[in-house]
Amino acid sequence: MSTPFELTMKVRDYECDMEGIVNNAVYQNYLEHTRHEMILSRGISFAELVEQQIHVVVARADIRYKSPLRSRDEFVVTCSARVEGLKIFFDQEVRQLPDRKLCVQATFTCAALVNGRLAAIPELTNKLIDVAD
Amino acid sequence: MSTPFELTMKVRDYECDMEGIVNNAVYQNYLEHTRHEMILSRGISFAELVEQQIHVVVARADIRYKSPLRSRDEFVVTCSARVEGLKIFFDQEVRQLPDRKLCVQATFTCAALVNGRLAAIPELTNKLIDVAD
Amino acid sequence: MSTPFELTMKVRDYECDMEGIVNNAVYQNYLEHTRHEMILSRGISFAELVEQQIHVVVARADIRYKSPLRSRDEFVVTCSARVEGLKIFFDQEVRQLPDRKLCVQATFTCAALVNGRLAAIPELTNKLIDVAD
Amino acid sequence: MSTPFELTMKVRDYECDMEGIVNNAVYQNYLEHTRHEMILSRGISFAELVEQQIHVVVARADIRYKSPLRSRDEFVVTCSARVEGLKIFFDQEVRQLPDRKLCVQATFTCAALVNGRLAAIPELTNKLIDVAD
């Protein structure tokens, strides 16, 4: 399992819906952006992966909504990765600042496709999960 | 369980990302819009629910991505509801037209809150699940 | 000048903001989608343009907001094109149904770039503006 | 005229379209978020304005696209305000970092409505334009 990665963001007004709370789909934007920033922070280059015909795809998103964020709330999105067989799991949370109240808990199941087939990509997964552990 | 509801839509270019496929979060937009249209089609008025301090919230979204939609694809989103205790489940699919290829399969777990507390709302759930069955 | 093109759409709840009205940026989505559908309806293939290294870009968007759309409103977006020198102008309106009340009036100034340079593309502009006129 | 306000942001992958560049409508999100943050930074409370039935609306958006932003680009959005009669103008720019290359130049024309009628709101405009100047 990887060291958790964290990204701090702030709700933008256009992300809120008629009820004055962040729309459910927008959390997926926050979660995706954080996964991508985590992957970059581990020195993984999407461009190089794509050159090798490797595509990392989301197979499943399991998102539990606990408490809504509102206009101008600041929050942190966490991300840690684990690998089981050919699957890469990203466990993520959205927590409202300053008290880190849990807003959203999610697990994304991803897989690497090479030429459209599931494949193990150690150069990807090793970087993702802190091989030193 | 309810009679399935269906809504036909078409991918808009701005919904596609750098890989030329519909971004994962956008399917939540499609799925939410279809749920709201289904609820309206059953004669349920959000305005009246809110006047009675009833809020229907999503507690969990479980979304499985099977095959991506691309620019200008036409597709149908289905929705059927079932009630278990205080939970309302919406089972949904996104299927590409014309061959109805399965793109996304999702279950949304919802609940009705009255003054912030979980409550059974028979006037809502009866309309949703076709009591005649 | 071209025969006007029209596309009918319906507001989706996630497009509305905290004030219960469609967010200003979302009209650009409606306007872009209608321009792209108009271009397709004239038999112009983006894929073929891109193969020839032709990129059609928006240089300016001038949008006047007259009256807001709300949740579930139906509306029509119109589009007509005119060409002046190397510029292509798209004049567009968003009108609420059923009475066609004017909501938004916009002009988009576009240009075709070939290898990054402005160029006249008669095979594009002729199709766009109904040469028969 | 007001002291310019600046906000630094970073492109998120879901904001990019099929061509790998930020979609034109997304810049309106960036520009709106920056205007709202500027207004807050001047100690203006939307909640208090709304309590007094004052609504600030965008009447016109004039946006010139100069150079596109791409995935992960960092950029700054500037905003300064000026008042002419009953109109409030926000002059804004999007500039790519680190060299501050101009990407977008925009002017938003806004007005304050009290009970649906145009009105001068000195307590708003004075805070916006740095009366001390």
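Think of it as A, B, C and D in the order they're written, each chain with its own count starting at 1.
As a convention for this text, contacts are C-beta pairs under 8 Å (C-beta built on N, C-alpha and C of every residue); 3 or more make two chains touch, one makes a residue touch a chain.
Because the structure is a prediction, the values reported are computed rather than measured.
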item: Between A-D and C-D, the pair joined by more C-beta contacts; value: C-D
item: Chain whose Cα centroid lies at the greatest distance from that of chain A; value: C
item: Chain centre separation (chain C, chain D; CA means) in Å; value: 23
item: Rounded Å distance, chain A centre to chain D centre (Cα mean); value: 30
item: Per-residue multi-chain contacts in chain A, two or more chains; value: 13-14, 23, 25, 29, 32
item: Chain-level touch network, classified as line, ring, star, complete or other; value: complete
item: Residue ranges of chain A in contact with chain D within the complex; value: 12-14, 29, 32-33, 36, 40, 72
item: Sites on chain D touched by chain C in the complex; value: 19, 23-26, 28-29, 32, 55, 57-65
item: In the complex with chain D, residue positions of chain B that touch it; value: 13-14, 16-18, 20, 23, 25, 71
